[in-house]
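Next come two complexes, and both contain chain A; in the first it sits with chain B, in the second with chain C.
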Partner chain A sequence: MSENGFNRRDFLKTLGWGGTAVALSGCGNTSIEDGAEFVTSYSEPADYVIPSIGVYYNSTCAQCDAGCNITGRVREGRVIKLEGNAASAINHGKTCGLGQAGVQAHYNPDRVTQPKLNGQTVTWEQALAAISEKLAGASGAEVAFLTGGVSGHVRALLDNYLAALGSREHFVYEAVSPAVERAVNTKMYGTAMPRYRIDKARAVVSFGADFLGAWVSPVNFSQQYAKFRKGNRPEGRGVLVQIEPKMTLTGANADRWIAIRPGTEGILALGLINALGAAGVAVPGDAAAAAKDYTTERVSAETGVSADQIGRLATLLKERTPSLVLAGSAAEGYANGSQNAEAIALLNRALGNVGATIETSASTPFPQLAPRVGNRAALTALNDGLAAGKYKVVFTCGTNPVYSAPASLKFADNYAKAGFKVALAQYLDETAQAADLVLPLDSAMEAWATSVPEYMGGEGNYTQLSVTQPLMERLYADTRSTGDILLALLKQRSPDEYSGFEDFYAYLRSALLANKTALGGAGEADDDVFWNVTLSQAIIPLQGVVSKSAPQSAAPALSAPAAADASYPLRLIPSVSASIRDGRHANEPWLQESPDPLTTIVWDSWVEIHPKKAAELGIVEGDIVDVTSKSGTIQTQAYIFPGIHPDAVSMPLGYGHTAMGRYAKGTGANVYSILDAVYDKDTGELALNETSVKISKTDKRVIIVKEEGPAGGSQVNRAKIAVKVSADKVDLSKEV
Partner chain B sequence: MSVSNLLENWSKYRHTHPLDDGGHADWNAYPSPIKWAMSIDLDACTGCNACSVACYAENNLPVVGKDKYAHGQAMHWMRIERYWGEPEKAIDEFDSAMNFQLVAQNFDVDQGAQFLPMLCQQCEAAPCETVCPVGATNHTEDGLNSQIYNRCIGSRYCSANCPYKVRYFNWYSYPDQEHAWPEPLNQQLNPDLTVRTKGVMEKCTFCKQRTYTARNDAKTEGREIRDEDVQTACQQACPTGAISFGNLFNPESTVAKQWSAQQVDLVKEKQDKDGTPDNKLRGYRILEELRPFPSIMYLERVRESAV
Partner chain C sequence: MHRFLRLTILLAGMFVATGSHAAGQPFTGTEDQLGPEVPQPIEFPHNRHAGKGEVIDSGAQDPTQKYVGMEINCMYCHTYARRSMVSGIPPLRKCIGCHQSIESVREAPRIKKLFEYWEGTDGKDAQKPVPWLKVHDLPDFVRFNHERHIQRFYFQQGKVTQDEAGGNDGIREVCSYCHGDIAAKNATVARRQKPITMGWCANCHQKDHAVDATGTETARGPNDCFTCHK
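And then the complex of A and B:
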């Protein structure tokens, strides 16, 4: 708020105390009394502030990598609510619970507000000087950057900075990433991230792809799913079958949920190809050859899915074309994960779905802005370098490897070996705590950025550049956006090139205006008009480049899943919750208090055990159990859960932080810490589901805090509450 | 309002039975009558909780933390209930033994789970209204069951009498509690409505702050409320569009069309279609037989059983 000549006493006379309270809290400051700051009267407001009227600004959601387009409601200079942007081809005006909680990431009470060098608060000048000093003694190869997925102009600046340093050591790490999916899609469909057309399919068979929960672009898929389920659709109402050892949110919404033996998904896929061939479907030669040994009897024995069920699945896929078969993390998280996914992709090819419900997507016409996506293999590579003492300066940004690396990597120890560690962080999380220098980041509601979503909705070659713009002024004067920090660092290295840009906003504006024609602004003679249109929409639609590589005619050689170790008889399936995700949102209280959809548990982690297995082990709900793998032990509460394979147990990722903030710290147990270091053979990706555990009861028991009542989800002898009806008992064709 | 006024106009502040002709006496205050109603398609609902979080954001709902949640003090105006398929065999045996562990072993998970978004049903003959000793909960002219916070004395009779258990009591002054709104989280609070004080009851209002604005705008422009004028926060967030909301008395509204297509009549406790089991319709209201005449119609979840 700007200075003005308004006398404080007159101001109070005009407004009364109520108005003042709003104005003061609007600034987030309390130093009005001593004259250090000024407030602007409502009688003389800025153009965009109309007291009591909400103003809406478009921007981009940063809560997950789906990059939904959002609209923020701003009242008296404060953003108070986020909605979906109705013009978006990704989310069409909708949001998920995670997106709603974006304001809690912004107003979080545990944000880092000032640069900290070795725990001492310093100024930005001192912080940047410290970096400059450390970089002076390091060669390019001795400087590493670890980031989450990056795209847009932040990525372009980061690339420029790495080039200026002469460093090629950029590691892009996502704790939960579709890396296997990308690799297999490229091989089998010729495109890493095709458009999945659930809305066009008459049947969807999903091998553990939780597309309604946490997989790739859930809000987009949820809307496709709603269309897929409509009875008055030309294709008729679609049928969903979910095959996975642990029921996900998508599994909970399936017409048939099938608990498969963990790791045998590829076998079932090949068995289905075989069965389809036998049923008279024209299966391409390579697929038929790959599947010829997978008879229904053999597949049934190896997967635990009944022969009858396999027959019904084959009938479903034969009768309902086009169909869509999806492979998600539940099928991919094994040492033979890529092979599983390839077998599943082969099933899609055999069914003729490629081109029908799996469409080639377009990539952005600006390759320098394209998303640079991450995986776990990058972390392993960085970890090896750190262990060898290779790096003098390490930057981390938007990622928390000290928390999310499996304990077997000993990442925290290796990270400590780096000469000088700089963390760009919004919270003082585990990684920031271990860093020498912490640079406080703006929230997504304060920063300027652009981004290109990896998964793009829409039709044909549509793609877009999404704009992130501040929805309000900074809450804290000393936070900076990633772009601002990179620009400041670039000014140290290449002052001639970058000193003309006062801040990242100036850089972004000039970069976009320089490409005005290519960005669809050819008709706009005036830069300001183009710029204002861009900001008001926050979406720049673009004609993408369709490039498709030739799919390989690979017939996957399936290796058998690893046999269970007698001392660790249960398979641990870490689950990715739609709200907490990989743990980065654990400090947003709405998400902690939002019950897990399936167990309805809040504020803690849990281990899901099948009722039969629990009876065998003598475990009842609420027993505190030790979950022990080869790599470690964690303790949590047992939840008896019917939606899981009896030989598997499941725990949610993202809990058990030892730092980060008041809501995250100490809530639940950290599953990453007991994951074994087993990798997918083809991609080197961490095989999330390859950890085997044993469960042992302790002498403690708690009452689980959950939404579910004492009847445990039973409606026995109760009135009509949540009613389910068989599809042949209703006529959906005339519904509104 | 004075107590004498309250007593004199007692019948006005009590609900009137929708079957009696006195219902909604004040509707003529608007260009045309309004009756807010909702329909929720359980087939489209995936149980994702987006509606619930959106409600926290819109309506200043406090986060209570683990301990208070354990005491049943969560303030979620909109909650998602999760049910499992019932075991096909020997239900009586389980029930008599009340052995839920045994029931859990036999839940039918072949068709996943069932989800039910539960919120205030804005009953036309609301059981909560008749028991309030001070008239703090009563019926509005646009057909909502309203809660007047500063009249509420916290007897909690309304909550006890609510068959849906959707009324939430402020056991604490939440701004003073550690979890709710520590600085600067309080800056997110929606200034269009209050933060309720300790000792009062609260519940879903069908986003009254939004309907009020829409209603006033329509009145200013001298026209009917249209569907696009107002969305509740839960409806706006819902990724599958499972929630419809609007004026049931406007035959052009989606809600009115849905209710009529499903042959669900607001003022009947037993629908005509109930007499014909093969009606192929899936609209129903929860606990209709208790005669609260709820304003939310649910559409049954549809599942293919042959796969």
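And then the complex of A and C:
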């Protein structure tokens, strides 16, 4: 105690009394703030607009390519909540977490709000003039368009614009694309995206198709799965077996989860055909011939799945018909990915599932509106063109290749070689940042559009045209929809044809009204009636065209997966999480905040390591490790996870942005940047799982931010906890 | 000794400081208590619209000087009060709907300003909503529902019948529980009349109120935290 100072006891006393005084005086002061805000005041509102009462408008979700139909609740002119549209054949009134976060794409604080030319804010007139000027000096072949998947009238306008330019350089690129699946389905089932009837199956064997999480149309599949799981349906409760090297959300829901050696899924499928034939199932000749060498002993040795397990699987498939076998990205992401998928499709044919649980779907009767889908081959082609300095003007829209292209493509460097780069962007993401001109896009809650979903639910030849309509007025006066921008560009090229349309809305209305009869509006005498019905439903049901090509008789020659490189002993399996997906939504904080379903980690990426492997490497949970491939190194936190094959590690895609916004930038590590450029031999799709890595410990350790387990706490006994988890009891790869 | 004095002075100082802060804030009470003046774009006279139709000077030349008020039902303008959380501000269209046929006050400064919002100036900015400021702005963690109170105290208690005589006494009485007597002289939109604090709300919720027109059955207001607090 100091002689004349204020001692500790006095200090605490003062603090206590002072605190009490403040607290007491605070009571009753949290009252009303007169005159601080404006009252909702209208000049002439519609009858149904009542302050504090929601008005509901139907539209289409733009968060992923499933294209669910949604209903937005609007209060006082602001959209506040999204739900599924109950009339939808895709999502039947439900949405997923990703869809719920759609409002955060709309209200995001990091949206681009004004056109920017070389970093300077410009007007739309200046921006369009700049494009016009650059296009004047370019021939059609020197202009390229890179987009994500497009469909509907935006696609039609884009095609018209490319035709007006004389360009055929439209590249469609999706970072995570079911391209292998489309190719194999066309070959084996005669249709690129058949209807999977999980609800009709008595057993589902899924080779890495995360249909409850992120595969193709998860909300549709989740609802089918709910029916599949109910004991009260005529077929009884279905059984789900998931075979994959890294446990997904679907794997966690499965009755049996089987860890398989990465890349050997096709071998197991052929082994099952062989075992089924031996068990007395009438297997078609081509399938039997393809599978004859795949004895259970050989398959067991090559896949790491026990003979007993293979026998049980064969029995399950034999007893429970109809069944459904699915192939997802975990089976397709290899150099022999197409072969794997073909072997799995062959298993479906052997089981007689084609036509029973795999139904031919119908395509839209308007081929000019059909979805144009893409793959990595398109990106590679564009990249080669860019490297050769072929393009004077490049447009990008709805895709972010500077972020998601594998580093070995050197896309960013090649992109810089393009003469004039125009990015249509909602955020200033990596690609937009590298562009010369950035055109601000409307959010999906402000734009007009139509779309045709690639995967369509419903029955028979049902298909639909989904309408996207604004749920509220633009938040920023200077954003435009993709359709508006394309129309403005078309007005430059063919003014005679397009100057009659004031904006994309006018174009869309006239285009739909012109086809009123074909769109099922024959009974509606009045254009306005048809239009109002269309907008209130936002779904135009259509009779689709069933065009089925003859399935090819295939005997896939399975090539063995590449042997592991001794210096990179672990297989890296990039995972697609249900919320972050390919990374385009990384700047929506709800998605960063919602825990990963299996690890419960938030706001960061991680690397999943099997407990045994971790013990071998001396790694415990929270260790910061270097994940090194031939293409690069990234750093992240280690997470000890029994739901992964011991020879594999897994990291989620979509993190580690260097731009895009405050929430995405610097959160986690970018897995795309270390992917090796290995492609599927048949389709040219990037083989996502073909990257081998080594893990090395750094001297840093963190407390992983997660919901599960004894989070945080003392660091002292950290090693002890991790060792406990890695006990053999939880080695799922052996246990199931 | 010095040390003791120093501590006392410090504590006393802190009480004075926090106390003077508290004195500037409204206290919890049940009586009329004017809130701070809120500068509104138009000084709207509630008494003129909803006040009693008593005669001031039957021989006056200026018709506005003949009567105190027009006895307009509160819900004619605040039309959302019976079906929504908020009572709502009447749309500008409604003000103009009446006032375009009331020639006698057309040139009054307030009405001229009103028409400026409707017609715009120099052909621009027509139909702009009047930017009224909130006078009763509850904290964000409090929920208040007009519909419930109007349904309970006006419709259920049969105050509608009371109005059949032709006046607006019933609804004015109900609104005045929280908004004060709108018919009072100089009642404008600039000031809050009641404290609208939690204690003030609870004071009424703890009393028995009739649940129907007969008044034989009574019940208290809801007393659960989550009824009002979000």
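Definition applied: the second predicted complex is superposed on the first by the 664 of 736 C-alpha atoms of A that agree within 3 Å, B and C clash if a C-alpha of one lies under 4 Å from a C-alpha of the other, contacts with A are read in each partner's own complex, and residues count from 1 in each chain.
Everything that follows uses one rule, which is that contacts are C-beta pairs under 8 Å (C-beta built on N, C-alpha and C of every residue); 3 or more make two chains touch, one makes a residue touch a chain.
Please read all numbers here as calculations on a predicted model, not as lab measurements.
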First, second, both or neither for A:222, with chain B first and chain C second: first
More chain A residues in contact [chain B versus chain C]: B
First, second, both or neither for A:50, with chain B first and chain C second: second
Which superposed partner A:600 touches (first chain B, second chain C, both, neither): first
First, second, both or neither for A:550, with chain B first and chain C second: neither
Touching partner for A:108 - first (chain B), second (chain C), both, neither: first
Touching partner for A:563 - first (chain B), second (chain C), both, neither: neither
Set intersection of chain A contacts, chain C complex versus chain B complex: 22, 25, 28, 52
Contact footprint of chain B on chain A as seen in their complex: 22, 25, 28, 52, 75-76, 78-84, 91, 93-101, 103-104, 106-109, 212-213, 218-219, 222-223, 225-226, 229, 231, 237, 239, 241-242, 247, 249-257, 259, 312-313, 316, 475, 578-579, 589-595, 597-598, 600, 602-604, 611-612, 615, 620-621, 640, 642-643, 662-663, 703, 705, 707-708, 710-717, 719-732, 734-736
Touch list for chain A against partner chain C, complex: 4, 6, 10, 13-14, 17-18, 21-22, 24-25, 28-45, 50-53
Interface residues, chain B side, partner chain A - complex: 42-44, 46-50, 52-54, 56-58, 63-66, 69-70, 74, 76, 79-86, 91, 94-95, 100-101, 103-105, 107, 109-116, 178-179, 182-191, 233, 236-242, 254, 257-258, 261, 280-282, 284, 286-287, 289, 298, 300-307
Chain A-touching residues of chain C, taken from the complex the two chains share: 2-3, 6-7, 10-11, 14-15, 18-19, 21-22, 25-28, 35-36, 38-39, 80, 83-86, 88-89, 91-93, 117-118, 127-139, 191-192, 195-199
